[in-house]
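Here's the structure, in structure tokens; my notes come after.
Naming follows writing order (A, B, C and D), and every chain is counted from residue 1.
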Amino acid sequence: MLKIAVLGCGRIGCMHAENIAAHPRAALAGVFDVHRPAADDIGRKLGVTVFDSAEAVFSSRDVDAVLIATSTPTHADFIEKAVTAGKPILCEKPIDLSLPRVQRCAVAIGTTKVPIMLGFVRRFDPGHRAARDAVQAGDIGDLHQVVITSRDPGMPPVAYTEASGGIFRDMTIHDFDMARFMLGEEVTEVSAVGSRLVDPALMRRLNDYDTVTAVLKTASGKQCIINNSRQAVYGYDQRVEALGTKGMVVSENRRPNMTTLHRADFTGKSAPLLNFFIDRYAEAFMAEIGAFVDAIDSGQPPEVGFEDGRQALILAEAAIKSAAEGRTVKTSEIG
Amino acid sequence: MLKIAVLGCGRIGCMHAENIAAHPRAALAGVFDVHRPAADDIGRKLGVTVFDSAEAVFSSRDVDAVLIATSTPTHADFIEKAVTAGKPILCEKPIDLSLPRVQRCAVAIGTTKVPIMLGFVRRFDPGHRAARDAVQAGDIGDLHQVVITSRDPGMPPVAYTEASGGIFRDMTIHDFDMARFMLGEEVTEVSAVGSRLVDPALMRRLNDYDTVTAVLKTASGKQCIINNSRQAVYGYDQRVEALGTKGMVVSENRRPNMTTLHRADFTGKSAPLLNFFIDRYAEAFMAEIGAFVDAIDSGQPPEVGFEDGRQALILAEAAIKSAAEGRTVKTSEIG
Amino acid sequence: MLKIAVLGCGRIGCMHAENIAAHPRAALAGVFDVHRPAADDIGRKLGVTVFDSAEAVFSSRDVDAVLIATSTPTHADFIEKAVTAGKPILCEKPIDLSLPRVQRCAVAIGTTKVPIMLGFVRRFDPGHRAARDAVQAGDIGDLHQVVITSRDPGMPPVAYTEASGGIFRDMTIHDFDMARFMLGEEVTEVSAVGSRLVDPALMRRLNDYDTVTAVLKTASGKQCIINNSRQAVYGYDQRVEALGTKGMVVSENRRPNMTTLHRADFTGKSAPLLNFFIDRYAEAFMAEIGAFVDAIDSGQPPEVGFEDGRQALILAEAAIKSAAEGRTVKTSEIG
Amino acid sequence: MLKIAVLGCGRIGCMHAENIAAHPRAALAGVFDVHRPAADDIGRKLGVTVFDSAEAVFSSRDVDAVLIATSTPTHADFIEKAVTAGKPILCEKPIDLSLPRVQRCAVAIGTTKVPIMLGFVRRFDPGHRAARDAVQAGDIGDLHQVVITSRDPGMPPVAYTEASGGIFRDMTIHDFDMARFMLGEEVTEVSAVGSRLVDPALMRRLNDYDTVTAVLKTASGKQCIINNSRQAVYGYDQRVEALGTKGMVVSENRRPNMTTLHRADFTGKSAPLLNFFIDRYAEAFMAEIGAFVDAIDSGQPPEVGFEDGRQALILAEAAIKSAAEGRTVKTSEIG
């Protein structure tokens, strides 16, 4: 049993804490939050230690590993401290919104052997993974094009949007990682287009977009097309498609049940899409904990690590620049 | 937290024990099996008491309720004992293979207020339940026909088949309950047809069938058509369809993921059907525990009880008689 | 070019006339109807001869073959006359509503070599045929069960229903033929159940049913389950499913286009089922003409002939008897 | 009956000739081809006049309208001649591969009242049209994003590719028109990315691509993403998706039948996609003839005309420039 402490007891931290508590090969070593009442609530509910400080977590002998789910600006600091303390890390994305800060963090941790895993949870979705596995197994031959459709059900709260770093760093970042996961080789060029259609006034104020398309290309010419919208009223739309020389594989959307209704004016699914990321990726979040435990047990590096977080941010920076300048941006201009 | 003890530590008992242990509103009070090592294994794994006898379970103050997952011939005895002990019961189907034994058990428990729930787990499947809810909500108007397709992936072991009581009592019993769940009124007539196609020699020896169709009719004329096969090599086929004056609702099959593969010679699902009843109905088994806890917490009778178990067995007896005599059998001839 | 004359210029006759006119290997030799204006209309529209009498058709040198689409009571007479005249026949189903009349017709035509094809059009549907071909090719191994769902969008006019001979002779007759098409061996036993749910008053008056299930069994035990309703408000529901030792094949419903609509409260097909048998089986009706021409060109007997019409009627008679008497009826009791 | 003559008796011209001959409101006035034997073959088969020259067609009193299906370099000339002769025109796309030639043709025909329709056949596909109609009816609210997937089954012959004008002018041109059809407002910016993956050597030699993505944007910010590949071995992949403020509509792929096969190792469609554009768009080609007849009968301009052909070519030119220069190109730079 790997004893994992959770830092950050917001919505995602609490979900991770419950998943760790329920996982057959992990145990919840305790929780911490700068806002003590939040930590107390979940600590009491799950019957675990509430730590007084992050330092107390890092120095505790009863903590084998840490899951970092605090606010984004603290991620890099906590990664550095956990590395110093020798505690394996599962950190929510992103490492930081600032690429220079990420670069400094990379320097600080150097060539540490402490396992660091980044929370790009979609890699652990059974459907997306089955698609990636089909690609790797050669089921579709040589890969040519990947199409990622990724649309949120609706705009997040304004305060969230203001602090998000913009759609490319906040939302598309998941798709940039999915692109790298599917493509199997590094992206060298990014062409992005942004529009303000869902909430034009807010987007203009923030110099942000709510509807974007990014086209990525690798050195060998493989393409990945990402389309994002902040508003898909029919539900959280999460699809991944890959075309190759021998065929196509598609990870389709999921619903809570497979019931269909047929009426004079309607034939279709009676249940809407799983509409909230925690529901949609429930299996993936649990599998992510398992993958973290596996990495530590096996001594192998986690399959998605610090460098993956850095690369996804580089693609976000390239997309921001591309959309702003109306030109294809090479990733070598960024990293 | 409702403290539930599990009697019977075979495959299904162990699954229930794990579900109870993981359920947020239930606790596993201990386990018992006549074969002590089986109880020891799961007791050790889950860190709970292993009882020495069934009597020890029924008399324990630390047991709020019991889940009976022992061999079928012991069900009725344990139900009677648990009622005497005042312990609420969740009992795996069937109550007994013998209708007279079930009738005696009914007399023995009389008008007890001890909650008794029968493990007709399919009622708790999200898809089938959504279909039933659509019917009850009037989404398809007045109900006319129900079609239940229920096919096992393959023949069970010979020893199991020999002791099963025959396909109607063992396999169709689930569909008889599903029919009653969907129809919302009692069945009055049963017409059944049996064939020996999968393993004719074994079926002749046991005077049993491996491929059957049963057509049920209610007093108002509503029909339910059940088709069963012991062998669907494409997977565990579990579908429920209901036709009414305003439309149709269908609970379709489920797969572990929603990935499709498209090749020159193939377009389809890349994943097979969920192929084992414990996987297929995993959500339903967990929901069943929740429904049991709810019934006890609320003081309401469980939504599927002893009488439902008795009625399903009456339909099985009617079907056996119908298939043997080549005629429609009224349930009033049986019960 | 095979010159075919059409007898009967009602809805179906006119459709056949247009199909023959449009067929690349057939020509419309003329039309006839006892109600002269009906024949004049379609004759003028298609620019062909309008015959004064059926006799004029049978004796015409310009007529190579005849398509009989007159009212049912005239079918047997016209078949006998066409045989006498040596004109190959494509006759709409049924041969007659009276089995004795069909038997007399069989005697009258004896061992004629004149090709007689029965209009069981569903055999020519691309989907149903692909399913049958999969069965014959061994794609699903040995056949065990066939399930035919066949529901009309709504009740026909009362006058039609009164003269129809009852649901088994009028509607299920198509499914009896489909059963024989799929099963590939003769049915020996029929168990049928009828209900009065759509229009109980009318059904009682006519001693008919509007909702029926028939279970057919062959000597080797293969089963075919047919379910019919006179009212499926979601559209003309036409499905055929076959289960065998190696898998299942399903011919699904068809829609005019493959467009789906996804909204907050709805995900599904934006187009309803093809709702009228002439639209649903448009391809099949055209293919039927082609099969008739092929049979005559090749000198081979048509793949669906007089005996198929007689056998389907025997199954209808058996089903009527079974539903009335509440017992399984052997076809040997009928034929 | 509108008497239409067909110029050009290649594969597409012959298909159009047969469609006109079969159309209830059109008649085939004759055919012409510079390669006389090609015209003779189809003329004999359909029993129509074979013209000696294009001039003979334009001057014939028996010709109400012309369908131009000759080689691309002759289109603009024939359009000019037909306009001079006052014959309404249905011309296969493109008008010409050279935008300057198209501009000169525009000047030549000036403000002619002679109806000119461009053969962008996909607009007449029932599925794509149902999607467009749903957008126009407001079913998905305000339009935000269109995604067009358009992939050929395999590379055309080398000679065809060499003369095609490149993938953007030859293949994407259909999608540029579909984008305009769906968007309902003009595109102002084009960002395109090209890769050489299917046949890199040929593509390098021709300075062409076989795998491309184009992202179009309108003045109001609406986006259309087109992805093309010359090689989809699973079949001719033709999908159109539109996202709006109230939902999404998708025109899915089509197959020749709706039969599915379910085996131990396979669940899916037993029939491949309709794999050849003439089969896939068979209904659309026939509907196109109907729309041409309707336009002439009603005196309304055809719904897809000369200017649509010119605009699609402008988008192709912008895409070529964008892919070559690695930047977003404004359509105002081209037109």
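We adopt the following convention: contacts are C-beta pairs under 8 Å (C-beta built on N, C-alpha and C of every residue); 3 or more make two chains touch, one makes a residue touch a chain.
This one's a predicted model, so the numbers in the text were calculated from it and none came from an experiment.
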{"item": "Most distant chain from chain A by Cα centroid", "value": "C"}
{"item": "Selected pair, greater C-beta contact count between A-C and A-B", "value": "A-B"}
{"item": "Rounded Å distance between chain A and chain C, as computed from the means of their C-alpha atoms", "value": "58"}
{"item": "Distance between chain centroids, defined by C-alpha means - chain A, chain B (Å)", "value": "40"}
{"item": "Numbers and ranges of chain C residues touching at least 2 other chains", "value": "233-234, 246-248, 260-264, 266"}
{"item": "Footprint of chain B on chain A - complex, ascending", "value": "22, 126-127, 130-131, 134, 139-140, 246-254, 256-264, 266, 270-271"}
{"item": "Residues of chain A defined as touching chain C within the complex", "value": "233-235, 260-269, 272-273"}
{"item": "Chain A contact footprint on chain D (complex, rising order)", "value": "141-142, 144-145, 147, 149, 151, 189, 191, 193, 195-198, 200, 211, 213, 215, 217, 220-223, 225, 227, 229, 231-234, 237, 243, 245-248, 326-328"}
